[in-house]
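Order of writing sets the labels: A, B, C and D. Residues in every chain begin at 1.
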């Protein structure tokens, strides 16, 4: 059986853990299969869970979150017959590891473009959870997209906090949104887990547009969420579970080209996205896919051309 | 309330209070054993007994503070259940506890109405109480500023508040638990005048005290308690102090300090121009000069709060002062790093503090830990970097033996000893150090007469070894009996010095009031 | 910094201060009666959940509020049982309540709604909407005072006004009523209250229950007024900050208002790095910006606030017979 | 003078309390549709049934031992140190700097160096609140809460912007060099012929924690410094009378407390993660409060309480691994244990006392 290890945020983080859970659940529902799972509670459990699942014969062992890279690098050599999958992590030179890398910056770029096009004030906002490189990657891609549409646009970026509470503080998310509104922002993009709930809510209440993240959050406030930056962790998990023992180690990119990231368009935001917007974004998407537009990845060199942290 | 309606009640034959077969245990401790007592209306009934005899417990039961395990209570012949203080108050009982039950940061008025308010809002209650208070003050001469905050008041005043509290609740029966333990003679006299007045009005008063003189002077009947039992009840007129003392301790007690005239030697303590300013910025000691010689006891008399405590604190090293103090000729630091208790002890100064429970002892520590208190860095208590607990324990055992501390169990926590025995632990610790100078504050406060006798003997014995002793006490009687020379403090000044053989309470009393030379 | 920015900052201050204020006053009642309460956080969290859950189920935010208050008071009862009836350690009880609330809210939420420990989003009557005070729209154009009235004073949820009114009410109860006198007395010297014929246990339970009620409102404010639903751990340490504010305020109601407004202001400033940059002239790095409120608090405490003396009988169970 | 024999107080009361907590937990488990007996079995075998389980139980216990001792020492001085969390974070920073900046030849030397670094940084983080308490009267409860937040912000800044290896996604320091890896219990016990799970993270730090327990006990009850700390904690006026400096004791007790909290980092940062991660302390500072309170601030009590919490953590992990019991349930179980053993213990003690008094009266 496959096993799935959720990162500290827990499987219901309204973010990528939850997305992974949904993928696994879809696989279980469709195939009637069973999988092992654990929601980590502490750092020490990372290695523990990997080893226990590997010893119990689970294969593949799927993990979410960049923080699993290091433990996998430690554990994987001890269980050469098990395939370890890291989503968001980076474990080079390890034969039995499948690394799945999402190009969040590309997806963020697209929603950044849409935000800039939807903005009337020329000011858009970004609200992150904790200030970690992954979140900066989102912010940086987003800012590039904004500037691509409107080089004079202002991008206001805030992080919620410095403790894990930053992922579950919708109240703070609301206040940050209001603060950004008072600075003129009329579209905000939240990449902040549970905090984002507050961002989207406040944006809807205050009559500005918001951008959801990870899963399609458009239905949360129909007609008020401009779009969502999709990160198809569910697809990745579903595919891996479906492949089961046949899953191949190595690297699997989940970029725009692979439909690993995308922007969401459905009946909830159809009225918000004009044909012109859609055309421009799709054009940009095509050009990113064919390589003619390069979106800078913050984590590649810890710098961002469009935003300073 | 007028004299008319009380006089009628005086004629009823039923006792104001009758307790039958009261027993009370605190865990394994049997504090009261099958106690019965009758108190007639319009009388003052004294209760005496050693520390821990169960006096306070019995009265607390009557007041509904504790619940008796067994026994019945009759008020004016009527069987009455007193499950809580509310019921006691309703039955007309008021009590002034040994440790006052006042809210320190409330005003007098607030304390008085607490629990006896009229209606939900404070304003009407306060103004009504203010009026009633004025009447009561007028009637009994109990003057207190209704707006003063309790913690700013002296103990004498606080006690008045307690009495007023009881009177405000229209108590007919007033229990006073060791009311004079903390009072000056003048204050005590005033208290007894008030009690007389109350008795004349037909109120019934129960008075717990360790002072036989007070029993003899104030009470109509007296009961003696020993180890939880009521051993005797007699008419005061039919007994004598010596008999009472024997009844209570179970042996003959010397009621007078037995000492030879002093033979003073060199000056040990020499104070010149000492001034002390307290934390609140008030100058409490305003430039005093004083000498204590080897082989003499100098007593500092004075109403509490006239700078005696601050004097002791500076000498003991835990308050800062200015001026000059020499001990055995060497100057003493009055501020800074070397002005602390440890340095003082190193200089041969021992100190029995005024408040043993607050300063002298750590109540949760065992007796042996308390024996090391202040001397815990003494080389004889160390072995290497560690404390030599065995040495401290055996030292404690020896000291407990010599000072007759009961029970002689070094492992018992200080809080489990009675007040008198707590005081003996402190004394043993300080006196046995054989200091050059002993500072001693209120040596016998709240201590029973058996223990007083012993404590006085120890102090005199130390003097006879040629040591200098500075004694601070609010008990004039004690000062006169113990000290060779008396200095009286008033408002931070020394009002005068007298040889104790050549003065009397009256003269000292005047000095204490700030009148005189 | 222009005037409108200031108004926005203060507006945000008010919103952020409100839950702190309610929790702080809650703690004030409890601690003034001599019962320490580090379980404010847990009670707030429980109330946040139950008010949102019941509001979601019934569609009525008022029923939600009642449920939140009831839940919080339930935890208060537990705290009372441990620290008053059974004379247990008040700090431990508080710690346990915080854990219990953190676990139970998510467990129950998952059981009821299967939305990953969240409640559904509240809509319409299931939420406290901002109230527009009379004439706010017309007066908004009056210079200076107009925006203050229209933007800052008007436009908050009813719970904000309740919270602010609770300050004078608390002051009045504590210092002007019989109940307040007894409550303060029982926190200073329970023996005095006992010998005055008043039940110590009764008073302390009353105080603890009031504490529960106010924490309940604080929690409900988080999930049904500021937010439209419950998210796990959404109290996010506010109970502890309220506790700090309580000590800061030296257990006094008006000071509690000032202290929580100060914390609210710090929180609001944190959302506006641009304003801080304008004031101090330097760009503060994001993470360090987050530390600013706490650093400021320490500086103010060390520099301006003297020693805080808690109610004298605080934290100790009332034991007559050892 | 005591009502109950000592064994009843020390063993019976906690045991019955624990039982009550267990019964209530079982009810909660049943309420969410799981089998409580199976759950308990899983927890016990998972946490205590193998050297592997013990290895994790003791690993967690080590963390709680340090933070529990830290809170206890401060408690004895009458100070409520809520800042264990921040002090342990800073301790981690000390360990990381020591391990990364100095090329240690052998783990023993590294351990000494890292312990010193951890204690120093932890103590330094406690020093400021202590100084403000002693000199300015700023309430230590507020300042230590504030310092927890400040520590989190500081660490976040350092790990994201300064200490993170270039290009790494993880806000964590670089891995420590091989030379500073601490031996696990497996490594320590293998030479003497005892086989211990290789996988478990319990390491030599556990022994240091036990040693710390003993030392703290010696400090508090066998040295004059401990005597002064306890005296000051019981009564400030009495301490002054005895010549004990309130300022000095406040500072010293908090420095020791902070140092102990900081020392936790040699277990989790140096022993387990072998690098400094953002959320390394994960609430152990707060668990330390519960551990100290439940252990009645006595090192031996702290030891037992720490092991109990280690058991709950590891048992909880096993539950999470093999069942669908959500992790919040484990939090609830912990809460119930804290509640019953720590706060509602008199609920058990009172009737027991009455029982013992009755039997005593009956026989005497």
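The rule we apply is simple: a contact is a pair of C-beta atoms (placed from the backbone, for glycine too) under 8 Å apart; a residue touches a chain by one contact, two chains touch by 3 or more.
Note that the structure is predicted; figures quoted are calculated from it, not measured.
Set side by side, the interfaces C-D and A-D show unequal numbers of C-beta pairs in contact, with more at C-D. Centre-to-centre spacing of chain C and chain D amounts to 30 Å, using the average Cα coordinate of each chain.
Each chain gets a centre from the mean of its Cα atoms; for chain A and chain D, those two points are 35 Å apart. Between the Cα centres of chain A and chain B there is a gap of 75 Å.
Separating the CA-averaged centres of chain B and chain C is a span of 46 Å.
Each of the following residues of chain C touches two or more other chains: 110, 117, 285, 287, 290-291.
Taken residue by residue, chain D touches two or more other chains at 149, 152-153, 156-157, 160, 326, 330, whereas all remaining positions touch fewer. With touch defined as above, residues shared between interfaces to two or more other chains in chain A number as follows: 10, 131, 162-163.
Interchain contacts (touch definition given at top) occur between A-C, A-D, B-C, B-D, C-D. On the side of chain C, the complex with chain B involves touching residues 175-182, 184-185, 188-189, 191-199, 312, 320-322. Across the complex, chain B meets chain D through its residues 27-29, 316-318, 340-345, 351, 353, 355, 358-365, 369, 372-374, 376-377, 381-382, 385-387, 389, 412, 416. On chain A, the positions that touch chain D within their shared complex are 8, 10, 36-39, 41-45, 47-49, 51-53, 66-67, 69-70, 88-90, 130-134, 162-164, 299-302. Across the interface of their complex, chain B is touched by residues 1-3, 218, 222-224, 227-228, 230-231, 234-235, 237-238, 240-245, 353, 357, 360 of chain D. Contacts from chain B toward chain C in the complex involve residues 26-27, 63, 65-66, 84-90, 95, 97, 101-106, 110-111, 113-117, 119-123, 125, 165, 415.
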